[in-house]
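Both complexes shown next keep chain A, but they swap its partner, so chain B is in the first and chain C is in the second.
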Partner chain A sequence: MQELVSDCFRKAFSNPLLDTLDDAALLPAVGRRLAMSTDGYTVTPLFFPGGSIGTLAVHGTVNDVSMLGAVPRYLSAAFILEEGLELETLYRVVNDMAQAARTAGVRIVTGDTKVVPKGFADKIFITTTGIGEILVEDPPSGHRAGPGDAVLLSGSVGDHGLTIMAQREGLSFATDVESDSAPLCGLCGRLLERVPVHVLRDPTRGGLASTLNEIASQSRVGIRIREDAVPVHESVRSGCSFMGLDPLYLANEGKCIVIVPGASAEEALAIMREDPFGREAAVIGSVTEEQPGRVVLETAIGGERLLSLLEGAELPRIC
Partner chain B sequence: MNEQSICRSLLAELETLLAGTSMRFMEVCGTHTVAIFRSGLRSMLPSGITHLSGPGCPVCVTHDAEIAAFFELAAHENVILATFGDLLRVPGPSGKSLKHARAEGARIEIVYSPLDAVELARKNPSDTVVFLGVGFETTAPTIAATILTAERLGLDNFCVLSLHKLVPPVLRTLLDNPETRIDAFLLPGHVSTIIGLEPYAFLRDYHVPGVVGGFEPADILLALCQLARARRDGVDLVGNAYPRAVDDAGNPRARSLMEQVFTVEDALWRGIGRIPGSGLGIRDSYASFDARARFSLTITEQKKKSACRCGEVLTGRIAPKDCPLFGTRCTPRNPVGPCMVSTEGSCAAWFKYAGV
Partner chain C sequence: MQELVSDCFRKAFSNPLLDTLDDAALLPAVGRRLAMSTDGYTVTPLFFPGGSIGTLAVHGTVNDVSMLGAVPRYLSAAFILEEGLELETLYRVVNDMAQAARTAGVRIVTGDTKVVPKGFADKIFITTTGIGEILVEDPPSGHRAGPGDAVLLSGSVGDHGLTIMAQREGLSFATDVESDSAPLCGLCGRLLERVPVHVLRDPTRGGLASTLNEIASQSRVGIRIREDAVPVHESVRSGCSFMGLDPLYLANEGKCIVIVPGASAEEALAIMREDPFGREAAVIGSVTEEQPGRVVLETAIGGERLLSLLEGAELPRIC
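Right after this comes the complex of A and B.
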């Protein structure tokens, strides 16, 4: 079993740094500062429209490294497998990871596998750690949003969260939603080369609303968002309305919030739209001095309200 | 015309109809509460309009004594409680919620439909499944149909704790209280699909107009315009501004299901107390499906000790922000009263959309 497993990893992830099979990967020296991030991945179901635990394990960590203004270079991958996991399932996951890593331009240079008795894990858990080279002097940070800045979003929100929920609940109506699992390193890299980016954040768990609130409170500024300007796919909008969910609070796995000086907004938008994962990018709002720490939503009918932090898990309601 | 321009023109019309007067209107439906806040409509209403969220969220009006009964049932061995999710976090008299009870070993299952509870009973023949029947006229017909299904299946391990409440009697109670100062009712869209307009006829005796409204901002504004016009013209209006969903006669088939299984009785409302003829109990002919009969439960009013002022919130006498617990000791994460638990509760809506 162990041999089969390591064979599977070696073949799929093969690259000169991994293939030496030493206890650790020997990485070449770089002159720049490094960004490092780690994340554990567990999802039910393992495969879903638009991705799998394998794509998430690569894209999630690649994106976290990218949000610091770094080009992700290397990943480590550690697997915890539940005894009895079908080998075919493992191959699919590993191939998804290999494919995702190739697309993102990162190499998986070291890894580990443990098999635990049945019931001690849920099929497969993956932890990935990423290292990237920081491109700019002043890396983007949640603290750097300032009044007058423009808030951009790289595309539609809610797709991943609704896809997973629809799969878990077996909702047949949500047939045309799929996860947005995607690497953002290309888009972020090109932006950082050409525009002074103040904040880069990926609105994963808690969605757009929660991430904007984090930025508002870290930077002690107000953020105004135009509801009309936030891209939401029609299938997601109708699925959410059926389930009583708000797409602005659903997780995304291939989107980023970009905050730049107002004067750079148009240029940033054009760069984002050139990228395959930023075609639906939009300017969704602005940073203000008023109401520091709060996010205000200008609604579709022209009113306004608070866009608050998510409070607890959303539960099915009575009517 | 797009939604924004429709709303703008309705708002202008509303302003004209008000002609400088004021109107305190109350909605009694959680979906209206959320729609008014979430769409931003609240921020656009003319200054003469005051929006009150009444006792329209089923979780919010559930009395402490009723919640105590949940815990009494949960303590029984061989009982599985089946409930909609939002009841799980409501704190009971001891401050603990069903979520706590579940963590301590009580068997509590979240269901999306009452029929799931029947399925649960079929799968667990050696246990008794008790469905917590909380809701208004909207949910009651479905629960009635569920009981009839259980009867048809010959299930003897399924029953319902019926705590259903009726909207028209509580409106009357609100109007009988001079402190509430309600000028007009935005009547609930969902409840009215079942009961129609006739049960609201008594509003005419109080000279307080009521209009059934839909849930889009323009639907709500249309109903508010009709209410303002009725007040300007001195018409005792009971009207329907949501005819695409609500038939003036309601849904007779759903009502006959309700009447077959349920009987009207007194009910306890949180923050308001006992209201005669405002609840639905299970008829004797279906006593074997009645959790109160099966477990000899008595639901009696106890003295309230909490500083939670939800009674005044639910009757529109104070705004949620005027409660001393609001946003400090009572938040959606750590709710003291049920109005902060349900996403449709008026306190939760204030907290989420208007801030502390």
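Right after this comes the complex of A and C.
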């Protein structure tokens, strides 16, 4: 196990903070307030078009820290491995993590590995925890949406959720669908520097519809969304139609909802579109006083319907 | 799942930082350097005399942060639950964690829960990550042991390891053995305030012998230990003798090795013995120039032998 740790993890993640070999990392002082977030990753399959459990374990936590208005700085990574796991699989996952961390500008500074006997886990589970530095005096929060605010989305929805489902079902139509697994820290950092951001949230499990409902409920406001303004890739739309799914409820792993004062909407949109992970950003709706706690969808054919929270059992192990 | 989270976790762990319900916690600025540590807990059985996976998940990470010379402040907790887990079991574990966190003076500020289908995990796995505030200019490190230093131990060894083994084997002799699962942050904090501490390490997996070897290797010094100075409870000694085990290689979950200049040994010992988790503290040996990288045991009958690193497979899922 010691050889495994030095060979695999330390080579891939090497940095001066990790390399001291103690059981914890010693980090420089951070003058500002901190954001801390943790997530367990149990996705199956481990590898899929557009990413892997390794990219998700970095992007997911980096994004959760970013959503609090912070620049992610440090990650820890704890692995639970099933005995008999092929080393090649572990190396691929760890290299994906190292690459994703470099792109996101975070350092993996400490970690842990536990091995459980065969049959007591499913290949690899990863838990990452991120620490970030809060950038602004009034950080964005799910409580801060107000009437007159604009609701923006950084790109298309449904890509990750549909990709995982198609992989599990072995559906051949889905050859051109891929996960949107991506780090949002750059996009969010630039937004926070230049625009008063009220809410930042990444619509992961439960999708856009569920996350908008959480915001409406936390802020006690209504949210109106225009169906034809929400970007959905054609491949996702046709895959969803085939499988009877609604892309608004599918998980995303590289998208964020941004709520800003109406007057700042155009500036926010321009900043988002400059980012490699925000090229398809769009204004998708607005915050209202009416129907507090509810999300109303204006449909493409001119009608209206309530978008409720996802009901029933959600697909397990989507991330 | 949402009900589970609010009912179980938020009630048990409630504090103002956790209660904002966002995906990450917003923490006050910390003026000093930070320590960060993470550990996955997969112990079986979940409950045992002296503790549970819940107490370990708090104490283990609190102790890792403490060993870097930091006061642990915040913990995150990520749960991987096997579908079908009895809720009563989860409640017991979570309450153990909440109680352990209160005793250690840390707050659980953010968390995550994933459920995997039956057969893809073993009841409960927990990963905790801790952040602490570094107390001193020159924090203790495995690299800082020097010739002339004294080696102290905060109490008896082998209790946790033997307890878990006895539970698994269903051995009835072991009725008076219990895990030493305990938080060491108070003891370490007071030591650091008053004594120049060179090394702090908790001898968990691999036991006292393995941890001393790691220190000897990192600091390139020799370490001499007197066998009869190492506290071992009589019940552990007889249990080990029955099972053919050496208590020096068994895991501990509430003990630390403290290395200080020889001249500070008595003061350090007095401070340790004042602490509820250091009453049996002892000076067990010293650091030497001879045999760098090696640990020599002076046996009770007057001989000497090298204490090597633990060889062969270690017992899985001990913590």
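We take it that the second predicted complex is superposed on the first by the 309 of 319 C-alpha atoms of A that agree within 3 Å, B and C clash if a C-alpha of one lies under 4 Å from a C-alpha of the other, contacts with A are read in each partner's own complex, and residues count from 1 in each chain.
By our rule, a contact is a pair of C-beta atoms (placed from the backbone, for glycine too) under 8 Å apart; a residue touches a chain by one contact, two chains touch by 3 or more.
Because the structure is a prediction, the values reported are computed rather than measured.
In the superposed model, C is the one of chain B and chain C that contacts more residues of chain A.
Of the two partner chains, neither chain B nor chain C is touched by A:Ser241.
In the superposed model, A:Val116 lies in contact with chain C only, and not with chain B.
Legend: residue contacts after superposition of the two complexes on their common chain; A:Glu304 is shown touching chain B, with no touch to chain C. Within the superposed three-chain model, A:Arg294 lies in touch with chain B and out of touch with chain C [touch as defined at top]. Contacts of A:Thr175 after superposition: neither chain B nor chain C is touched.
By the touch criterion stated above, A:Ser14 is placed in contact with neither chain B nor chain C. On chain A, the surface patch touched by chain B in one complex and by chain C in the other comprises residues 314, 316-317. In the complex of the two chains, the chain A residues touching chain B come out as 169, 244, 294, 297-306, 308, 311-312, 314-319.
Residues of chain B touching chain A in their complex: 3-4, 7-8, 30-31, 37-44, 58-59, 84-89, 110, 112, 134-136, 138-139, 190, 217, 331-333, 342-344, 351-355. In the complex of the two chains, the chain C residues touching chain A come out as 1, 20-42, 64-65, 67-68, 70, 74, 76-80, 83, 109-117, 119-122, 125, 127, 129-132, 134, 139, 141-143, 201-202, 218, 314, 316-317.
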